[in-house]
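Each of the next two complexes has subunit A plus one more chain, namely subunit B in the first and subunit C in the second.
Moving on, here comes the complex of A and B:
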């Protein structure tokens, strides 16, 4: 257990500032693959700034739950952000079992997004909400069993301990276990952030969307909060993947954090490549992908056990 | 202890007075409910006192008793009893207050005095189950509990499904009790008395007898608690009862099964690892299948009843991981798992009672519990809506509410067992982690459905279009329980430490080892409380920011965006059935939903209809065939029993002759 220190600001500040950039990187990668120039890499910042300057239009059907949705979502995702270590920088809060709180803050964010969607009484938003809860219920075991594999590897039941034990050496000599966890978490990262192959953020049909359709009725500052929360969630789950695959420790914290941020940018590029080269899965196939991720995580756990024994 | 006994006397006296005064509904209600509320508060205070005070005299009443098998009429309140007594008294007081208004609709049509008599009897018998220190007394109280709740379930016996539900409950309950009788006689040993002090020697015998006793306890008490597959009475009986009774049954009465199991474990000494594994498996199956069946239900109270099965599963997972830890000599894992399971007993009691009371308010206002006929109640019933929302978030295990605290403890026990414990213990942890994660996600889905469809959007039918918020007597208990959900989330670190003595009495593990294990949990929960505080500040801050941003700008109201369609109606909203359909479809192999679909035909199709129903898998495929076979076999016995007096005389003569021949031999 550690008390919050100034160092831990280095784990949080880059996320708060740079998270919307990841969406820009993904979109730029997709534009390059599509042979387009694409939108500015800072477009998400422009969008958020513009939305914050607007008024609001609320549906007559909605109640206070709809208005509470974006606020609770953003606050809960911020709660998750302060639990994640970045590079060598410690998280603001670290204690045994913090990984459970991380998963459940994201769960709270999702719960309120779903309720806000149902509050509009729209069939489209109800449909999106229904898919969201289905897929996230399957992503949850993949995330928590995957983290259990890291816990086994490090013999420490906290994120700080689990990620501190991952070194380049462990990555190269420790067998495929860590890569399996990374693969499982990558699937969770794609599914939870509504990316291809689970959801297509750029689709133009309400019928086929998941996340985008749930937030159709939000506008103005509310939508700014939702967009910012979505980019922070991308950052949080991305950090869990990058923490495994880029465990570089130079000894200088600033350099470590910079490398981790570069890793996140690289993950965004990979996401863009996946989105450019893959089609979206049929909705009935998505559960197979998520269950496969849980299986990979379980396999990693078995390997970690053999390694420890 | 004397406060607790006084409370029992008050409640029983009030119940009898209600029975005597049953000709006057309002008098009977005042007497019955008044004594239940007063006695409940008294008893809750007494039990908190008894839990917090350092070990007092173990038995307050101890009189020689010449009942069957001897022993003494002995009552006592140790930590474990006091913990459960707080729930019994506290929740029965709140539910009674709620019942005064809820039952008003039946005034003049039903005998309310009788109903309150059974209510108070149920409360008293549950209190006696917790206090009994003699097996015979325990079983008498247990039976009184089953019978009084059976009569409470039968309150609306003019509805055809109610007597059937009551019958299922009665049969299940007695089959469970039969096993308990065997269990107690076994623990009493040859010619021993049924005193619990005598049971304590049972562990020293060792051998397979202990394992047999464990299995008997799991099935016998599990029937009451609602372990799958002996849960089948639960989704029948709970929806049939009046809502304040469902709240008490689902919140507290089924927990008596957990109490009995835990109490039995104290007699069995250090457990075998496979006992813990059994509980982990039962917990995982009950939890996952419970929530899946809940998702497939269309009736709110049936849905909630299946969630009770799910939460009993979570409790059992905690106890199971704790038991494996206990048996394998890891006091930290044992303490965290058992404390998590026990704390979930209390937390589930709070939020599940609240949910059933909320369902009662919906029924009261909208006259239906069919989720797909409801909608938009949130704006008409703001208090019911917000308390139901708090309970929904709590039962889904979301921070910063009480459900998260107990699930977190079970998770922490599991992750610690994964981190550095041997495979047999760690694997139990892995099963618990995977099951809890899946249960958590599905429970959130189910309560997004229940809350979202009932309270949000627009009314889907005429039900509830004219709904009005319920009165203060129904609102107040819901508000208190919702506050308890929040308080239980924020007081987590203290509650865990308070459970230390309970776990120590239960396991007999060294007190400091247990305290160390729980201190680690308490430390983590301290961080979580800090995070929750920051979360609340953030929510308030963001709300303020938005208010400042929107000040002076245009904030308009418009219709919901529906892709430019010009004539949307409330019937076009997504329904609960469609919301849950993808998950039900995904798990159709176990759920086996039945669908009835009359397809529209022709160019100008006439009426068509579509219906889905998900009957209980175990009820349909296991118990119905078993009981069908049993009843077929019994039917053959009927040839002996046909009402012809001459034949009966012949039986008598034959029997006498046989005895005579036997004597002559």
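Moving on, here comes the complex of A and C:
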């Protein structure tokens, strides 16, 4: 395990500060596509600030699990953020096999969101939890196999090493493997962050919600934590995609990080475009999409394997 | 150069997967057409851009048939026969896709065991060829519609073509044209047969042929 240096702060600080901005960019893109002016681009910050000032109401049927849910979720997503490199900046923590830990941080966050949802005893939340677990069980192989393909291709055992090995030149001459991984991770990014075509973040019908329905009973600071954790998750999975597609290395770390952040903003715009132009998939078709992502990641892994052999 | 060929190979592979998981007949026809186009360019890249008249002729004939004539014939059959749009598979789409992964693994294994004399221009060429053939066979046995069986046959033929191009670059012109002519006649006859089946029985569901057994 490499010791964290001051440089690696550059990989984490932009995430901590700018993550809620991505949601604003997505919403603004959707508003422009819909011919509306849209909410302020900083709306998520206002929401979080407002929620933090409020008190929380807890149902008498809930237990400590319900209160622990948002805290553990936020902590787990922060744990994931620490593992992901951004631009040229190294991740704060990096050791062989850290991609497995990344998948499990995200898994822990999801597990506690689901537990808190089940703890309320609401039928709707149970349904949302069931769907969330079903879809993420299919998305997780895609994430793990995709990252494994990256690691195999770079012949470096850690995430930071794998992403450092991706250069513009490798992207052009290394064949299509990297693009396959990027496509698979993009699907995981959309599915895990409850975006269209898997889930609609704006839906107001409990029957069709997946992620939103699980957090209906949370309020005040708890919901602020959930919102912040959701935007951090968007940032973490987004930077996995951007790390592949925008591997620009200028040599100056500040510039690299700025380019990566710009890439994330561009990805948010792309997400907004996808959401504006696509319809949500029928629930029975979603597993189909996720299996396709896993298949793409598997192909990339096989290609990387043959490349190494 | 090799990166380009590898990209084409992966494109062929993705087309195979798309064939396994798409549920609309028209979509299937289009994907087979795209696969035919990609196949057509393959010899040009394999020869490193040294185009001879003979090869140009073959490329044009192959692209014209696989990418234009076959799709038009099949789409016309679909229109005339008033087929429902769904593929109606015996094996579900997700399972089909998993079959795709297994089949690709199997073709990699077969490739490693196969004592080939020639040297393929890309290490992926032979596995992709075998994979395409397996997918073609799978389409033939796992889908109900007669049209998807024609498509399966075409995909199978595409696989054989990849194998031929990758191993023996200098296939005699006559053989090559003969194969193309065979495929053309087959698609033509099958298109007409499908049309007549649907006229006679109001559907092209080959499942019903079982009841013909005594």
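Throughout what follows, the second predicted complex is superposed on the first by the 308 of 309 C-alpha atoms of A that agree within 3 Å, B and C clash if a C-alpha of one lies under 4 Å from a C-alpha of the other, contacts with A are read in each partner's own complex, and residues count from 1 in each chain.
Operating definition for what follows: a residue touches a chain if its C-beta (ideal position, glycine included) is under 8 Å from a C-beta of that chain, and two chains touch if they have at least 3 such contacts.
Since the model is a prediction, treat every value here as computed from it, not as a measurement.
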TODO: Have a look at subunit B and subunit C on subunit A after the superposition and call it: clash or fit.
DONE: fit
TODO: Return the chain, subunit B or subunit C, that is in touch with more residues of subunit A.
DONE: B
Task: First (subunit B), second (subunit C), both or neither touched by A:299 - done: second
Open item on the list: Looking at A:98, would you say it contacts subunit B, subunit C, both, or neither? Reply first, second, both or neither.
Closed with: first
- [ ] Would you check which partner chain A:287 touches, where first means subunit B only, second means subunit C only, and both and neither mean what they say?
- [x] both
TODO: Quick one: classify A:173 as touching subunit B (first), subunit C (second), both or neither.
DONE: second
Open item on the list: Under the stated touch criterion, which partner chain does A:274 make contact with: subunit B (first), subunit C (second), both, or neither?
Closed with: neither
- [ ] Report, in whole Å, the shortest distance between any C-alpha atom of subunit B and any C-alpha atom of subunit C after the two complexes are superposed.
- [x] 10
- [ ] Using the superposition on A, tell me which residues of subunit A are in contact with subunit B and, in the other complex, with subunit C.
- [x] 287, 298
Open item on the list: For a test of understanding, state which residues of subunit A touch subunit C in their complex under the given definition.
Closed with: 172-177, 180, 287-288, 291-292, 295, 298-299, 302-303, 306
- [ ] Spell out the part of subunit B that touches subunit A in their complex, as residue ranges.
- [x] 375-376, 378-379, 385, 389, 393, 396-399, 404, 408, 411-412, 415-416, 418-420, 423, 426, 429-430, 433-434, 436-438, 440-442, 444-445, 448-449, 451-453, 455-458, 520, 523-524, 527-528, 530-531, 534-535, 538-539, 542-543, 545-546, 549-550, 553-563, 570, 572-574, 578-583, 586
Task: In the complex with subunit A, residue positions of subunit C that touch it - done: 3, 6-7, 10-11, 13, 17, 21, 93-94, 97-98, 100-101, 104-105, 108, 123-124
- [ ] Mind listing the subunit A positions that touch subunit B in their complex?
- [x] 1, 52, 54-63, 65, 71-72, 74-76, 78-79, 82, 93, 95-101, 103-105, 107-108, 110-111, 114-115, 118-127, 129-131, 133-134, 136-141, 143-145, 148, 151-152, 154-157, 206, 216-217, 220-222, 225, 283, 287, 294, 298, 301, 305, 309
